[in-house]
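What follows is a set of notes on a single structure, which appears directly below.
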Amino acid sequence: MTKKPWISLGGIGVFAVLLLAVAPLVLSDHWLNNLGKYCCWAIAAVGIGLAWGRGGMLVMGQGVFFALGAYSMAMHLTLESAGDRVPGFMVLYDPLAPLPAFWEPFRGAGFTLLAIVLLPVVVAGILGYALFKRRVKGAYFAILTQALAVALATLISSTIRETGGDTGLSDFKYFFGFVLNDPANKIMVFLIAAGLLVVCLLVVWQLYRSRFGELLVATRDAEERVRFLGYDPANVKLVAFVVSALMASIGGAMFVPIVGIITPAEIGAAASILMIAGVAFGGRASLFGPALGAMAVGWGQSSLGSTWPDGWTYILGLLFIVVILFLPNGLSSLPARFAAARRRPEQKAAPSAATPELEEVRS
Amino acid sequence: MHVDALIAPLLNGSAQGALLLLAALGLSLTFGQMGVINMAHGEFLMLGAFAAYLVQQVITASDLSIPVALPVAFVVAGLFGLLLEVTIIQWMYRRPLDTLLVTVGVSLILQQAALQIFPSQGVPVEKPGWLDGQLTVLGYDWPLRQLFTILLATVCVAALSAWLKHTSFGRRIRATVHNRDLAETSGISTRTVDRLTFFTGSGLAGVAGVAASLIGGTNSQMGAQYIIPAFLVVAAGGIGQLKGTIIAAWAVGVALSYFAYWTTGSLAQVLAFILVIVFLQLRPQGLFTVRTRSLA
Amino acid sequence: MLELTDIEAGYGRTRVLHGVTVPSGKVVAVLGHNGAGKSTLLRLAIGLIKPSKGRVLFDGEDITSLAPNRRVARGMAYVPQGQQSFGQLTTLENLQLVADGRREGRALVDAQLDRFPALAQFATRKAGLLSGGQRQQLAIARALITEPKLLILDEPTEGIQPTIVAEIEQTIMQLAAGGMHVLLVEQHIGFALQAAERYVVLASGHVTQTGEGGKAATSTVRAAMAI
Amino acid sequence: GCGARAGDEAAGSATSAAPSCVDTSGPTVKLGFLNSLTGGMAISEKTVSNVLHMAADEINAGGGILGKKIAYVQEDGATDWPTFAEKTEKLLTQDCVAAIFGGWTSSSRKAVKPVVEKHNGLFFYPVQYEGLESSPNIYYTGATTNQQIIPAMDFLASRGVKKLFLAGSDYVFPRTANAIIKLYAAKLGIEIVGEEYVPLDKDDWTSQVAKIVAAKPDFIFNTINGSSNVGFVKAYYDAGLTAATTPIISVSIAEEEAPAMGHEVTGHYASWNYFQSLKTETNPKFIESWKAYPNSSGVTSDPMEAAYISLYLYKALVEAAGSFDVDAVNAAAKKNTITFDAPEGKVTLDGDNHHISKPGHIGQINANNQFDIAWASDKFIEPDPYLEGYDWFPADIRKQLTDAAG
Amino acid sequence: MTDASLVVTDLRVEFSGFVAVGGVSFDAHPGEVRFLIGPNGAGKTTCIDAITGLTKGTGSARLGEKELLGRQVHKIVRLGVGRTFQTASVFDELTVLQNLDIAAGRHRPAISLLRARRGVDPAIERALEETGLAGELTTPAGILSHGQKQWLEIAMLLVQDAKVLLLDEPVAGMSQDERTATGELLQRIAAKRIVLVVEHDMDFMRRYATRVTVLHQGRVLSQGTVAEVQADPRVQEVYLGTADAMTEG
């Protein structure tokens, strides 16, 4: 009980070495860049693990927060590339109009970084406060957040002059003064993303072993009961939700320089669900599960989707079905399962492992 | 402002609402009553549309084929629903939220299969001749096809509510949802109830698919555009509340239509979503709610 | 009527019952401390749990793998522990639910409403809004509507006011006298022994004592429970 | 971070592309095919992908390019623009292909563009588009605006159209095309009585069609892409509109789409360069080969033909250059001598803007869902992506656009 | 404030027209084990629900100077009012220790939530001793027996340092020995706190109650010592039964 967190910490250490030291040495530029992209999804996934796995909030609209980070970053990089001109894609629709007002502050690097951190905190804070105080949960919460992602993606698609629309923002030349085409800078960007992933893992590691982690699980399993212990469950959930939103935003922000393009499709319904797929696959309530799962799904998409495009869709579909049906706690629960199977069968085990039962759906 | 500008969106919106209602009706059973969040519901709708196409390949006179297609689509989609229930859903009643993710997988597979089986461009479903023409309402030429959608939705709602209310079946569904073990030990065959409910709910999606095939394209992607709005409608109406679903569907349809009239088609979608989200924010349990003593 | 032989059962990998045998009898009482496995035994009797070992016989027929609703159809009825009812259905609907499809269904419902006036008073209220005791009465009424051959009761008087407890106890005695078989879990050892033809004491999932009702002294039963 | 900073570019060569890894020393040359085989655009792109395979098979049967057989690497863009970018990078740096063919939506092209430019690769794009673009690393074998949109507008003017309604999908091609249409309409004296957009993945057009009915246009200019067209056509007929009174001219409905509308679309128009019904020397053979090709849709269409051309054009370029090297190929193009006997006629490549000359055609849909030619340009139209030959297009916009493109 | 009393005055709860509690007044003081009895549906649980903020009530329920009605559930808890439920509800997935640690948490500063737990809080150790759960420290609460869960709930109230314990049928389903243990536990606890027990087990009431309030149809029917209440013919009629059939060995 008391030893396990330190083993996990060691795990994070090994993971960090593999990612930050080994990967840049052994991978080609292309695959390192892809790995960077998976890291971005993994960062978001770590947040989803916190909100959904531990907190029981099925966040189906993390694309919204991913978008806040991604578009903040993309607007800055677009302006950086455009210099003092209005970005090219805007010219056609209204050649004489100035830069939209909300773009202007994103010229500043400091403002951009601040926005990446503060926007998700504020938006998730307001949204979460409103939803949790009114006790919106379970399927309602899931569908609402998903609807929000759809709405935002549609909004971006339909405001082509202001946001680039469906085509998105791309063709960035610089990253805070660094030339993006330079391979050395690409490695630097990768290291930043990978480093942030490690930091996020450390954050949830501490959260999970803290009293807050226990309280969060308690809230997930019996929200009303927590109320009768003198806590406001809304606040507990809010903290987890905001942290997960922040992580999604950071993932989104790093996605932009790495992938070089951001479009509404990356933040809409399908993308938001794909983020969840990785988390479910790896193990929603575990420490490493969400990150590794997201990376695995990302890799699957790049490589299997390449050699076998039709098949990949079927594999992805089956992945959802098989994992959720047979392994609700994801691949990371496999070792524990084997171990438990070998232990004395007489020993009492917890009634059901971490499967958040959400009554609201039916009540 | 011309009368048209006021009356046209109202009538168009009512038809849009009726289609939404058809899409949501099955969900109000499987989601509202059984607690299953079936993300493949849109693909069942698609199955209904493809069924209509296949029927038209056999019965080439579209005047006849659409009336025949309705029950066929119901059965086809219903059987797929039944298959889903028997193979997957039946193991998941104790963790309803997870059904959402499992059925996302199912929906991916069905979409991809449809893309590969049918021509990728989609297939044509022809409107019957008796739906050509318009009805003039207050100076606006209201397409008959829209009237048909509303009629179809009305018939389905009436049949469903009669079935739930005036047969013992409705009680059994509700009992099974509320407490599976207790229902079983009260002598109810919960397996039969589950299967029949899921069959019916999915079948209704098939019927919605026929209606949808008269409005838009019949292709592998068609279901995707209905799923989220349909869920929102069920949620906004109050889970398990048929009348709530009806009102919510109508309201969303009309709102969409007015928004589209005043702004753009894309912005209308955004505004309608925001409207529902804000509404649910104010009334998290939807229009109509059922109260029980919490924790008791 | 109902015979359980050498039952092993539990939840997941947790074994709760170890080689439990319950003999047939008109009224059989199962006694034991909290967590002894009494409810588990009854859940097994009605079919909610399947034994990993052992057999369940009803009326001479092996029903070990029969689904609960099938057992109900064969004449068993079950009142679970904890005042369970269908909260979203009204009191009346709760009763109609089990009366559906039976001849004289209406009359059966009315008979129970007569028996439990509190239910008649709140016939149109959602069962989820009833008080704990009212819900327990409803659960018993639901079971009785099916006119079972064997009635399985898990602590039927838990949470019920004394006057009604007395009534329920009387009802049980009457039903038994009228030929209904009863499998009963009760913490009121006095009543249980008085009503029972046979009793079984469970401790940590093992049978520690069996005997004839009536004659047994509560003190020896208590001793067996403590093991 | 030890890499180049902004402003360093001039000094060092740090930002120039890494040397190409293309290896043509063996008996084959690797090419990349990139289209959406899954997701929403698979509806349209599968056919393009398939016809590329046919062209490759034909070329291989004829001895290959510079004597080397084509070995193609097929990738799925999955209707996701970042995936297009990723796959482009993979094809160029991992698979080391000599050139990439494919794409459909302008969005996908815009995602590919920076990547091919960065790695100095080649991309052949086969679909009509909104113009106002050029890149040393992209060859455009579909129509630019002055080869499709402007002929269509000229045709409308010749028919005496006074009131025009614009209906389009909500993305870059229709938005840009309509911006150009509006500029030209002003010049032609055509009034734009309405402009409506619906997202690509939505097909309920009822509300918008009600607006069309109210606006009473003479003609509808349709820039809707994909299956959203079906919903548009259905709503159109539901509302009682007909080809006789309010005809539609489309730029994305071709032989393949027309029969899938679920309603007779006889009498409506489309503006393309190629139609299956064209009577050219090479067309019959093209149609025949396609009909015989596995998984063929049975009809030919403009985007297919443009995709088909693209591979042959590449063959011609390489053989003119005598090398697969990108710079050599571009240098060969600069000579402006590359031509190909395409099913639409003999097209010539413009080595400066990387577009090809094309005949303009307006077809009218007949009962067989084929197109009867209603108008044809008197000669091949030279490509003019920045509309430099059109004085109604504001020079300052053109300048800003070219400036922004760098 | 340790001697603050719970004073309920004219408490009313209505559910869409149905009066579940129709003007109930009673008080409870530290040092006594107060029983609330009455027929099924009399409104006992509803009283507790109203006092703890679970349902809306009118009238007044004061703990010392503080009015409880109208506050949010968790705020009422923070004033020192704790309750158990008719069906035990503990956090099944957490261990006994974790359950108790969470219950103890409301006295800690919020920031301490972010640190991991080190060792066992002395208050928790005391509560474990009191309730006899010391051996189950690392057992997941979900696999405790029914009776142990109820003790865990009481232990959670203890570490929460609740001044008022509202216990809804705490011994339902317990065997005789367990009842005795629980009764004695309640007597010990009551020394410094207000304990209000809802029970139908009259034997249990007779042994441990100091004062009793009888509710009937949402109103107070009778109030007094066990003997007084038992002697009240109205109580006998609606609740106890004239013969007082409760003869349990």
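Labels A, B, C, D and E are assigned to the chains in the order they are written; within every chain, residues are numbered from 1.
The criterion applied here is as follows: contacts are C-beta pairs under 8 Å (C-beta built on N, C-alpha and C of every residue); 3 or more make two chains touch, one makes a residue touch a chain.
As the structure is a prediction and not an experimental result, all values here were calculated from the model.
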Open item on the list: Let me spell it out: compute each chain's centre from its C-alpha atoms, then which one is farthest from subunit A's centre?
Closed with: C
Open item on the list: Among the chains here, which has the CA centroid at the largest distance from subunit B's centroid?
Closed with: E
Open item on the list: Could you work out how far the Cα centre of subunit A sits from that of subunit B, in whole Å?
Closed with: 31
Task: Whole-Å gap separating subunit B and subunit D, where each centre is the average of the chain's CA atoms - done: 37
Task: Gap in Å, rounded to a whole number, between the CA centres of subunit C and subunit A - done: 51
TODO: Mind pulling the residue numbers of subunit A that touch at least two other chains?
DONE: 154, 157-158, 224-225, 310, 313, 348-349, 351, 363
Open item on the list: Could you pull out the residues of subunit D that touch at least 2 other chains?
Closed with: 38, 170, 197, 199
Open item on the list: Could you pull out the residues of subunit B that touch at least 2 other chains?
Closed with: 112, 177-178, 264, 266, 269, 292-296
TODO: Spell out the residues on subunit A that touch subunit D in their complex, using ranges where they run on.
DONE: 28-31, 33-34, 37, 80, 82, 85-89, 91-93, 95, 154, 157-158, 160, 165-168, 170-171, 173-174, 177-179, 181-188, 259-263, 265-266, 301-302, 305-306, 309-310, 312-313
- [ ] In the complex, go through subunit A and note every residue touching subunit E.
- [x] 1, 5, 206-207, 209-212, 214-215, 217-218, 221-222, 224-232, 348-351, 354
TODO: Give every residue of subunit D touching subunit B within the complex, in rising order.
DONE: 38, 40, 42-44, 46-47, 170, 196-199, 201-208, 210-211, 213-214, 227-231, 234-235, 237-240, 256-257, 259-263, 297
TODO: Would you pull the subunit D residues touching subunit A in the complex into a rising list?
DONE: 1-6, 8-9, 14-15, 18, 37-38, 75-76, 78-83, 85-87, 89-90, 93-94, 106-107, 110-111, 113-115, 118, 132, 170-172, 175-176, 179, 197, 199-200, 394, 396-397, 400-401, 403-405
- [ ] Spell out the part of subunit E that touches subunit C in their complex, as residue ranges.
- [x] 15, 18, 38-42, 45, 86-87, 143-148, 169, 172-178, 200, 202, 238-241, 243-249
